[in-house]
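Below, subunit A partners subunit B and then partners subunit C, in two separate complexes.
What follows is the complex of A and B.
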């Protein structure tokens, strides 16, 4: 019966191609637009590291040396607090880092072309904590040493994607050896540095040992706060300069509590020593809580998504109205089929098959339209480039949504078709 | 075969209620060819629709081939229509963009037959109405008479117990009407029970029994001898009530 219903559906499409094209287009535009918006929201509101997001905690501390902090607690830390976190053996992994930037070139290359590259100056635990995916080699083992890990994009630019482990990069005039190359790595949002409007930046080009970066004076390319003046990053270790972010991986409530106590005790020690007058206020927020705290989802995008949902409803009503007229014009055939033995269920299944086929076609078209809408969005709003991505889950969602809307559009017309008086349609 | 006892069908709207059938009682035996006549609006078509399970009834009892249809669900009614009843309509009611084969095949699709069985039945039905060679034609490529024969083939394909024909020659010229009537007579002689609504008194006279419906009731009950022997027979009118009582 299914093959017969498919045959009937195709015949029906052939009979009224313009009408079905309109239905198809109406549903596809509605679903396509919503999917494009959902792609943005999904990138913004998604969990970037679902397998361990509840175990990774951002550390904020309240150790500002005067009683007038710019904010409390601070999401950036002094070197001394960062080291205190780094040396704790409570977390499974910890990472302390700051963002910087250098110009990079292959030291062996005859070309003098240098690439402007973002740098993450970090402790070695960063790679395990973030599950950075390695294509070649591995991370550096110490916080000091003339070694780096590079991202896929930079590796493509400088080494055409080849295994560059062991090669030497010239970074702002210093030679550092590559110990590892990452695979293409997309974190949406970029949870480890979601502040300062960077939540949708790409992952970094270069990962360098923290102490090395400080020693080389690689400047801080992120928010800093200081209660004192300083000449460069290399002079920050023993000063009240707040610029490092810290993340820890804690397994279970007990470990979390133990680490909270560890931080609180440390703060209390400072307070007791008269190094800060503030209340003890140290916060651990897991990935999603931290991203939520930062409110990285653009409210305008959310509002537009809501508008897209309403627009889709209008599309469904329109499609339903078109299908109603189509079913109405097919009353004779429905009556005839009922007269010769088709049950209401048969007629319903026939209409359902038609709407499922229509839904599948609308699914493909809406995915294509979603892609076009996103391309268009990027043209007008280049900032969306890193988040306007249709991942496989969204493609599937688009297909399902088209299917559901198509079936929903047909439900009322089908209900009406099953209410026709058979004898009234036949003479 | 068909047994209606005091069946009533009332159509209602906000202001009027119309008794399309009023205490309608009729028994049709297997192999009969019954003509239903009467003026327009008398309830002939309503009777045929109720008999064909295309319309419901408000009161009374109706059984078809021993099955009481009162209270049956849609699935059961559809199955009864499909298995026991063949419809022939005045306007043929063929799907214009289906081939003759596909039109005849339609009722069989809802019976769950396999492809081979459907093909056998369609070919047999088309053979019976003399249109085997036109299986791939579209209805528009056939004359009115041929289209009605396709409709008869469609009605026969399911090998129904009873054929219900609603003015089957109403849209045909006299020659084609004659051919269609001959076909129906042949089918009847082969054992098919037929109930036919007609306005044509000649056609009514040709069949074994004529029922006249007026105001939703059987007004009287005429038995005609078949046309070929009508010269030596007489027309008998029997009061319906007496007949039922008998």
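What follows is the complex of A and C.
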């Protein structure tokens, strides 16, 4: 029966190819556009590290030394707080870091070409905390020392992707040895540094020990706040300069509470010493809470997604009225089939087969179109280039959406077709 | 034409008519709001910035070599760059700065008059005032208008490392926030003595126009590693030729530099609104698609109508209706549907506007745009129904006898 229905459907497609093509086109444009937008939204609102996002916590503290700014916790910390967090043995792992940038070249290379590289100056706990995937070698063990870990992209650029562990890079005139090379590593969003509009940046090129970067005076490439003037990052250790971000990995409520107490006690000692004029307000937020706090989902994309939902509605309406006119013009055939014994159910099943088939075709076309729309969106909104990916989940959703819209746009026309009276149509 | 009869005839096909009306309403809603978005963006891009947008050329650059960690070396290169750039024909003035106007991020500081230290508690904008490190030529390069006092001069650059209070120049709105209508010259703030006030420029477009607070300090040479931008004022006719030479000119002084971009102030403004423009373009693209789909629907609607009403139209023709009458009848019927669609569209326009405003900033709909969008819908709809309408008018009267 199914093969018979499919055969009939194909015949029907052949009989009115331009009409079915229009239906197909309308539905796939609508679904494709919506899928492209959903791909962007799902990347932006996604969980970048699902296996432990509920155990990783961003630390905010409001240790500002005067009562001038509003009393809200700062996402950036002074060196002294950062060290306090680092030295605690409550968290399983902790990472304290700032973003910088240097120019890099292979010190052995005869070419003087240097590559603009983003730097994460961090404590060694970063790699275990973020589960950074190593291709070769491993992370550095101390916060000081002339060692670095490099990302896949930089390794491709400088060493053509070969195992570069043990080689020496010249970074802004200093020589540092590579101890590890990462595999291609995508975090969408870049949870560990989602502030300052960086949530959709790529992972870093170079990971350097924190103390080394400070000693070398690698400048801070992210938000800093300071209550005093200072001449460079190397002078920040004992000053009121806020620039470090901190993450900790805590297992279970008890550990979380213990660490919260640890921070609060620390703030209390500052308060007792008269160095903490604001109310104590230390906050721990897990990955998803932190990302939603930062409201990183692009409002423009949300607005456009809303418009594309409306657009899909219009497409379904359009397909529906097209199919209605198609079924109407085929009513003689329906009447004939009913007259020679086909039941209403048969006719309905046949129509359903037709729309499912149409839905499947629209599904394939819409997947193709959503890829195209995604490319188009990033030419219009280039900042989103790093998150414009169609993952299998979305491809499936696209197919499903095409199927649902196709069947739903055929429902009313089918209902109408079933109500034609045989005698009237055959007359 | 009998509206009641038309209405009755439409009621005969409630479903398709209803769908088309809904489509038209949604299309209208999208069309009007997309146009608003496009006009809003256009307005932002063409706003007056207080700067000589088209004659200012900017080059953003960064040293790539470790030699620049020696700041004296760095300074000597920058000084040579400035001399060489000044020698290019058509260059009126060259300066260096750490940050550009028309930006949301950058260096900032709080400011208050020393006699009035609570000032920045009452005006929160005073807590984060753009702090621009530059040198004496920036006023010429950017075309600042001096309202009071003078711009920074060579003597305002103190010995490096000096703890002495500096001289600063502030913007007009900052002066007003600090001193009202009084003169600001000679006043002492936490950041130094005010020696001049310049007419407001757009420093941060996301802030109100009377909150364009900024201060200029002659310290870029001391902290030369912050001097990322060369700002050049160019003769209007020489822009293209200067633009093509600036990179080579500084690379000839010292090659170990990355030159990120060379752009005019107007391009900088456009780039600031790049995402707004992108979104407006996406919406316009969607409008195009929507109009296309709606035109298909209008076509299908009329076509369906023809096939169903053959008999009635045949009878009409037999009773004496001319081809012209039938054509007019079909078109009027469609126009009637469009009118209902546009009426409903009014609600959708406002609804969609409110909905979008939750996510992006958007002006309120205005009547001219609405009428324009209605016009576009009528025209595209009429074009789409023309063929079926003509076909309908060609139904011969003899059909009537066939189908009775």
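The definition used in the following text is that the second predicted complex is superposed on the first by the 424 of 427 C-alpha atoms of A that agree within 3 Å, B and C clash if a C-alpha of one lies under 4 Å from a C-alpha of the other, contacts with A are read in each partner's own complex, and residues count from 1 in each chain.
Everything that follows uses one rule, which is that contacts are C-beta pairs under 8 Å (C-beta built on N, C-alpha and C of every residue); 3 or more make two chains touch, one makes a residue touch a chain.
Keep in mind that this is a model prediction, so the values were computed, not measured.
Engineer: Once the structures are superposed on A, label A:1 by its partner contacts, choosing first (subunit B), second (subunit C), both or neither.
Structural biologist: After superposing on A, A:1 lies in contact with subunit B but is clear of subunit C.
Engineer: State whether A:196 touches subunit B only (first), subunit C only (second), both chains, or neither.
Structural biologist: second
Engineer: Return first, second, both or neither, reflecting whether A:15 touches subunit B, subunit C, both chains, or no partner chain.
Structural biologist: In the superposition, A:15 touches subunit B alone.
Engineer: Once the shared chain is lined up, is A:130 touching subunit B (first), subunit C (second), both, or neither of them?
Structural biologist: Once the two structures are laid over each other on A, A:130 reaches no partner at all.
Engineer: Could you look at A:339 and tell me whether it touches subunit B, subunit C, both or neither (first, second, both, neither)?
Structural biologist: first
Engineer: As a test of reading the superposition: which chain, subunit B or subunit C, is in touch with more residues of subunit A?
Structural biologist: C
Engineer: Name the contact category of A:114: first (subunit B only), second (subunit C only), both, or neither.
Structural biologist: Touch partner of A:114: subunit C, not subunit B.
Engineer: Name, in rising order, each residue of subunit A that touches subunit C in their complex.
Structural biologist: Spelled out, the residues of subunit A in touch with subunit C are 22, 26, 29, 33, 68-69, 103, 112, 114, 116, 170, 172-174, 196, 217, 219, 223, 231, 299-300, 302-304, 306-308, 310-311, 313-315, 317-318, 320-322, 324-325, 328-329, 376-377, 380-383, 412, 416.
Engineer: Touching subunit A in the complex: which residues of subunit B?
Structural biologist: Residues 45, 49, 52, 54-55, 74-75, 78-79, 81-83, 87, 89-91, 93, 95, 97, 106-107, 109-112, 154, 158, 166.
Engineer: In their shared complex, at which residues does subunit C touch subunit A?
Structural biologist: Residue positions touching the partner: 15-16, 19-20, 22-23, 26-27, 29-30, 62-67, 69, 105, 110, 120-121, 127, 223, 225, 256, 258, 274-279, 281-283, 285-286, 289-290, 293-294, 296-297, 300-301, 303-304, 307-308, 352, 355-356, 359-360.
Engineer: Considering only the defined contacts, which subunit A positions touch subunit B in the complex?
Structural biologist: Listed in rising order, the residues of subunit A that touch subunit B are 1, 4, 11, 14-15, 332-333, 336-346, 421-423, 426-427.
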